[in-house]
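All chains are identified by letter, namely A, B, C and D, in their written order; residue positions are counted from 1 within each chain.
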Amino acid sequence: MISILAILAGLITATAVYLLLRKSLVRVIIGIVLLGHAANLFLFVISGLVKANPPLINAGNDTVTGVSADPVPQALILTAIVIGFGVQAFAIVLFKKAHEKLNTDSMDSLTATDSSRG
Amino acid sequence: MNNVLTIAPLLLPMLSGVLLLSIKQNIKLSTAVYLVSSILQFIVSSILLFTISESKFFVMHIGGWEAPFGITIAIDIAGSIMLVAGSFVSLAVALFAVNTVEPRRLQFGFYGLTQFLILGVNGAFITGDIFNLFVWFEVMLISSFVLLSLGAGKEQLEGTIKYVLLNLVSSAFFLMGVGILYSATGSLNFAKIASVAILNPDNSLLTLSTAFFIFSFGMKAAIFPVFFWLPSSYHTPPIVVTALFSGLLTKVGVFSLIRLFTYVLPTQQQEFSFLLKVLAGFTMVIGVLGAIAQNDVRRLLSFHIISQIGYMIMGIAIGTAASFAATIFYIVHNMLAKTNLFFAAGIQNQILGTYNLKKSGGLYKTAPYLSLLFIISAFALAGFPPLSGFPAKLTLISSGFSAGEYLISGVAIMVSFFTLFSMVKIWNEAYWKELIPERSAGSNTNKMMYLPVILMALAIIGTGVFFQPIYHLLMMAAHQLSTPELYINAVLGEV
Amino acid sequence: MLIILSIGIVVAILAPFLVGSLRYSKNEIINFNLNPGIVLSLIPVGMFIFFFSQIPLISSGTIPFESYPWIESLSINLSFRLDGIGLLFSLMITGIGAGIVLYAGNYLNTHEDLGKFYCYLFLFMTAMIGVSVSDNFFAFFLFWELTSISSYLLIGFNHKEDKSRYSALQALLVTGGGGLALFAGFLLLYTTTGISSFSELSIYNGTLSNAVELSAMILFIIGISTKSAQMPFHFWLPAAMAAPTPVSAYLHSATMVKAGVFLAARLNPYFASVEYWSETLMIIGGTTMLIAALMGVTQTDLKRLLAYSTLSVLGMLITLIGMNSYESLTAFGIVVAAHTLYKATLFLVAGSVDHSVHTRDVTQLGALSRIMPFTTTAGALAALSMLGVIPFAGFLAKEFVYESATQFGYNTVLLVFLFFVTNSLLGAIALRTGIGVFWGKKNNISTEHAHESHWQIVVPPLVFGFLGIVLGIFTSGTTAFFNSVSNSLSRSTLLRELHLWHGFTLILLLSIITIVASYFIYTTISKKGTTPLELKFRLLPTALFGSFIEILFKVAGAVTKFFQNGKLRWYISITFLFAIILIGSSLPFSTNALTFTFPIHVTIYEWMLTAAIIVALVIVIQSNSRLTAIAAMGIVGYAIALFFVLYSAPDLALTQFTIETLTVVLFMFAIYKLPKNVTVPDRNTKLRDASIALSIGSIVTLSILFATGSPSVSELEVFYNTRSLVEAYGRNVVNVIIVDFRALDTLGEIIVLAVAALGIVALLQFSKGEQK
Amino acid sequence: MNSLILKTTVRFINKLLLLFSVFLLLRGHNEPGGGFVGGLVASTVFILYTLSEGYKEALAYLKVSPFSLIIVGLTTAILSALPSLFLGDAFMKAIWLETRIPIIGKFGTPFVFDLGVYFLVLGITLSIVLSLRKDSE
């Protein structure tokens, strides 16, 4: 299953990259969200998969029993998801605002800050 | 006491950040708190630097969980040098900000945001954990996003979009690098990873994760060819924000690269040395050419940041103790000189109402003190003795010569020629050229605006003139950096 | 010597205030006209007296040495050594300096920037003394660069004129570039030998590799040639005449331009034994002295005439060092001294004339001897010295030059001829500038308002002019001193008596013929401006420099436009291409095995989820409707959450579900009002982007497959699983990690959230509030 | 959205959701849940209220500004990290009460920290959603 998920992570990344290269602001921002998903999935898959044994300590035990999922990447991904959410939320609103102010949906028209007319 | 001192670089900006946010509507009070906190942070980090040179490392295991299980904060000499320089820059920025930032921005939490930015920067300087580094990067990034977009002007929004997109890509790759590293070593702690890496220098997964990190940190440091976000965005916010960014942000990327090749994966430096040299050369050259092509002071200086980053990358690429020492000082020198040039540009804009060099002029006559302050920073950047840029270039290039790296050192020397040229370009246009109609300096500048500029200029002169004790410190820092065993022992305990 | 240098710096800093207060007191408090030039000239006079008093000591062979630590660990010290040549230069700098300070006090009396002028001038003077006495390479470099900076500021003194600014830029770039070469040269010697001072270098007996020796030599020669305006870097010097005349007199004839020559002299004790050093210097110097004299003689502007003759003499000095014979090194010291005296005088005289008659064109000037008797006297004294008439110092200098040429082992005839031609041309220039202006026929200028200049302008050149005779007559008294000068230029020590009169020799005959030839040339060339020769050798390099700047701008513009073209999509493409190259090339194909296993034990749920994600991805890419794309994006997120459920990560799943929902809600709030703007990319763009995307995707997939090769239980996992309940009192290990084991991450995380929220509110409300 | 059904439903469901969010927060240390998810669920209460009544009413229903929730959350979280420092221990070292408290179980600074997260998440979600809502009106 690792192989499938690895390919999936690759496909999500590829889609994200493809979207980042599109003109439309909306697609670019979707690309950003997908890239975040890909990175999280990457982190998840790369540290191995364990089915149906979450890192929880059952009543009566002092430690996690059996071959359980590694809690470390889970904790990292949790943090990464939340951070990613914060940053993406900002980016979404930024795009909305930019669209309102600049009145464009095209990435290609965002060239004002690099023209050397200054 | 050492406990408090170790966590203070995080605790102080964190506390003052929250405090400043909660009192943001009261401008007088928050200004006072902001200044006091900035001064305090500088004092504390200086105390840290003075005390650390005796006991070598300040290590704290957050939450009391021993390394490598918890998150470790480990301050070395290099880190504390960065803290002092960083807090000095932010103090100067604070002094500049209280005189220039308009109340509206303050009501939206400008002061607090700068504190969180500094929190992220400090965290990146002192953390001993790779994922924690990611978190501090994000703290720094989101604060910079908000500072950059605050005000929501058209250009600002556009610049922020470019900045945000490219940096988010870099964050995603950072995370992937962490994943590979964890999978390869089973740890997130620098020292632990390093000890594993030293035992298995041939582990090719380490090389792979290093590539991810070089990409991500390189992007943050704005090296060739991933510097685009910087010139697109740095000139759009108010100049004080640009000054703060130029002093801190890219340097964090560079410093993280140093960390990567010293305390995390010291065995990988050799592997990437050649690539880094190539990148360093291109970064220097493309950056300075970009600077020459500009007519807007802020853009010119922004491209300059890139060019100067190339020098630091060169130091990392050479990878000797001497070159690490030189790179650390080069970062400090650049923080000072660059920030000050942006300040000077800001005052220039206050007087002339424009950043455009074609429309500028007359400052030599109308603002003689500004002229002096500008020329100190500009010549420092070009490496004239006895200003800070001289020992910076001297140590860096001599470390290159000593290591037999003549080609890249030669490029570095050539680029200083063009650096000089671009600085003189500003001088000729904005200062010497006659401006008709003439504007007088007194019209809309606040005398207090000069205070941080003078402070910085004194620091530029001081670090150049009194370089001997600094050099001593640098050599101790470099000794730590080039002997990862010291770090490993300090963090993990004698094994 | 540190004291002298410190005084110089302090005076430089105080000068603007002094000038300001003197001007103020003149108007307001005391009605006493004290010119700042008079006050300030006392400083260099004092310094001169100090250096003068050192002559007996130095002549006796003693070399005072002081050293102050600067960056000891790098062997960078402020170490000073006052040897013969250092003393000679210090005397020149302070002596001429005193005159210049006095002179400028009147010459620029009314100039608004007089204060700044003195500041730069004293900075320069200090820097020059520093150059002369520094022993440590880096101390030397410090002062060397300071001369470049102060010279830059002085050349651009009339900064409002485009021409001044351009000339200053030219001078700074050429000398600054040379400075960098010098820096590299010093560093090269330092890093390969550990030597950091001239005195160590001059007795260095170790061996350097040929490559190091050759590159250091080339670097130094670049430094020397740029500073001393040798071919092909000579063009900045005539342009530097844009500076006020006292500056030209001081920097660009008497002192700064000699710094390069001085460096050659300083390095000569070691480098004389290095292959090609002497030959290179002779070729460069010889070319420069001949061509500059040829170019100079036809000039019509007084300052230009003098500038070219300076160039020529600088070439001669370089040649003399290159010859490296005992005679030539003795001649070197005397030529330096004689040239300084007569050239400073002539420049000051030119300034005086310009000040009075308001032209510097020799074809217009003439018959000023009646109107300006003192200026005339000074001019004549200097011209006679330059012409080489007995008993002037210039005569002595010429004698020694000819002697060293005739005594030189090979190519004697060529050398003698070269010196003869150059000297004759220089003599003609002397006649044009020092004689023709005053005694020639009265030309078509109005001399109605012409007058003799103020004493402050007349006295310095007169004194210098007279010193030219004094030096000539008291030759024998200076023997010991000039011997100490020549001894500091080479490793050997030989003593030699100096006499003004050598009897009737071949050399005397040569001297006489030279004067005759000079007169002949002077009468032949009546009026001429720019000649084809000058076009080739001045304007060409100037034009080359100009086009260098132009090309630089063009290249810089083009490169910048190429990389930073404003197109975000280009930036992203390049960024990903970089990732592909950097990371792709680090993939461990050769060492690690891919852990690709065919999915056998895969449940139907997993296949469904996989299919859902793939379909959603296709929809995201293909769909023209935003809403559909956003919904499909949500499906990807939810499917991942379900994978988290399947693979034992309930907390992740919970968070992913809520976050995904929130993100979609945010999208709806923010985006759904946006207008539809469907642009279909063309096939090529699609293909290009798809290949970038797929490359990155494969890198991600391959990285995972390579890295999951050796699954092992990490010690972290074990630690957390066993301690979570016992020490942190929680059964949910992931949550315990988040709030306890790695709580600092979470603290950072919530700060990110807080700042993001703050930023979002600011984005939405900032401009709104402004409108109200 | 002035649907009466929605309004009634929201009023009924709100109390339940709020209770659920506290439940999630409390059990987080032992079962999936925690301050973050709890905070998010709590915020849906007010988001639903915004949808049914409007953002001004939602603000009134909340009684405090979302921004002050952020500050409270941040302050709580940071304060929970400090006591150990005063005791000379490492930053953020957990301090636990000896006695167990009903429902929560062991009470200690990590719980306070999680509480801070809860408030902060509630605050940020609301400030984002409400200001977006305000912006589009």
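Note that contacts are C-beta pairs under 8 Å (C-beta built on N, C-alpha and C of every residue); 3 or more make two chains touch, one makes a residue touch a chain.
Because the structure is a prediction, the values reported are computed rather than measured.
*Asks:* Taking each chain's centre as the average of its Cα atoms, which is closest to the average over all protein Cα atoms shown?
*Replies:* Chain nearest the overall C-alpha centroid, as shown: B.
*Asks:* With contacts counted as defined, which of the two, B-C or A-D, has more C-beta pairs across the interface?
*Replies:* Here the pair linked by more C-beta pairs in contact is B-C.
*Asks:* How many angstrom lie between the CA centroids of chain B and chain C, rounded to a whole number?
*Replies:* The separation of the two C-alpha centroids amounts to 26 Å.
*Asks:* With chain centres taken as the means of their Cα atoms, state the distance from chain A to chain D in Å.
*Replies:* Each chain reduced to its C-alpha mean, chain A and chain D end up 24 Å apart.
*Asks:* When the C-alpha atoms of chain A and chain C are each averaged to a single point, how far apart are the two points in Å?
*Replies:* Centres of chain A and chain C (C-alpha means) sit 50 Å apart.
*Asks:* Could you tell me the distance, in whole angstrom, between the mean C-alpha positions of chain C and chain D?
*Replies:* Distance between chain centres: 62 Å.
*Asks:* Give me the residues of chain D that touch two or more other chains.
*Replies:* 30-32, 36, 70, 74, 78, 91-92, 94, 124, 128, 132
*Asks:* Could you tell me which residues belong to chain B and also touch two or more other chains?
*Replies:* Counting only residues that touch two or more other chains, chain B contributes 14, 21, 62-63, 131, 135, 138, 142, 145-146, 149, 152, 161-162, 165, 169, 173, 176, 179-180, 182-183, 188, 231-232, 293-294.
*Asks:* Two or more other chains in contact with one residue: find those residues in chain C.
*Replies:* Only 557, 560-561, 564, 566, 568, 572, 576, 650-651, 655, 659, 662, 666, 670, 700, 703, 707-708, 714, 716, 720, 731-732, 738, 740-749, 751-761, 763-765, 767 qualify.
*Asks:* Please give the residue numbers of chain C that touch chain D in the complex, ascending.
*Replies:* 650-651, 653-655, 658-659, 662, 665-666, 669-670, 673, 728-732, 735-736, 738-740, 743-744, 746-747, 750-751, 753-754, 756-758, 760-761, 764-765, 768
*Asks:* Okay, in this complex, where on chain A does chain D touch?
*Replies:* 54, 56, 78, 82, 86, 89, 93
*Asks:* Contact residues on chain D for chain C in the complex?
*Replies:* Of all residues in chain D, those touching chain C are 28-37, 40-41, 47, 66-67, 70, 73-74, 77-78, 81, 91-92, 94, 96, 105-106, 108, 110-111, 113-114, 116-117, 120-121, 123-125, 127-129, 131-136.
*Asks:* Note which residues of chain B are touching chain C in the complex, please.
*Replies:* It is residues 14, 17, 21, 62-63, 65, 68-71, 104, 108-109, 112-113, 116, 119-120, 123, 131-132, 135-136, 138-139, 142-143, 145-146, 149-152, 161-162, 165-166, 169, 173, 176, 179-180, 182-184, 186-188, 202, 204-205, 207-208, 210-212, 214-215, 219, 225-226, 228-229, 231-232, 275, 286, 289-294, 303, 364, 368, 379, 382-386, 390-391, 393-395, 397-398, 401-402, 409-410, 413-414, 416-418, 420-421, 424, 428, 431-434, 465, 467-468, 471-472, 475 of chain B that touch chain C.
*Asks:* Give the list of chain B residues in touch with chain A in this complex.
*Replies:* Those in contact with chain A are residues 131, 134-135, 138, 141-142, 145-146, 149, 152, 154-155, 157-162, 164-165, 168-169, 171-173, 175-176, 178-180, 182-183, 188, 231-233, 235-236, 293-296, 299, 355-356.
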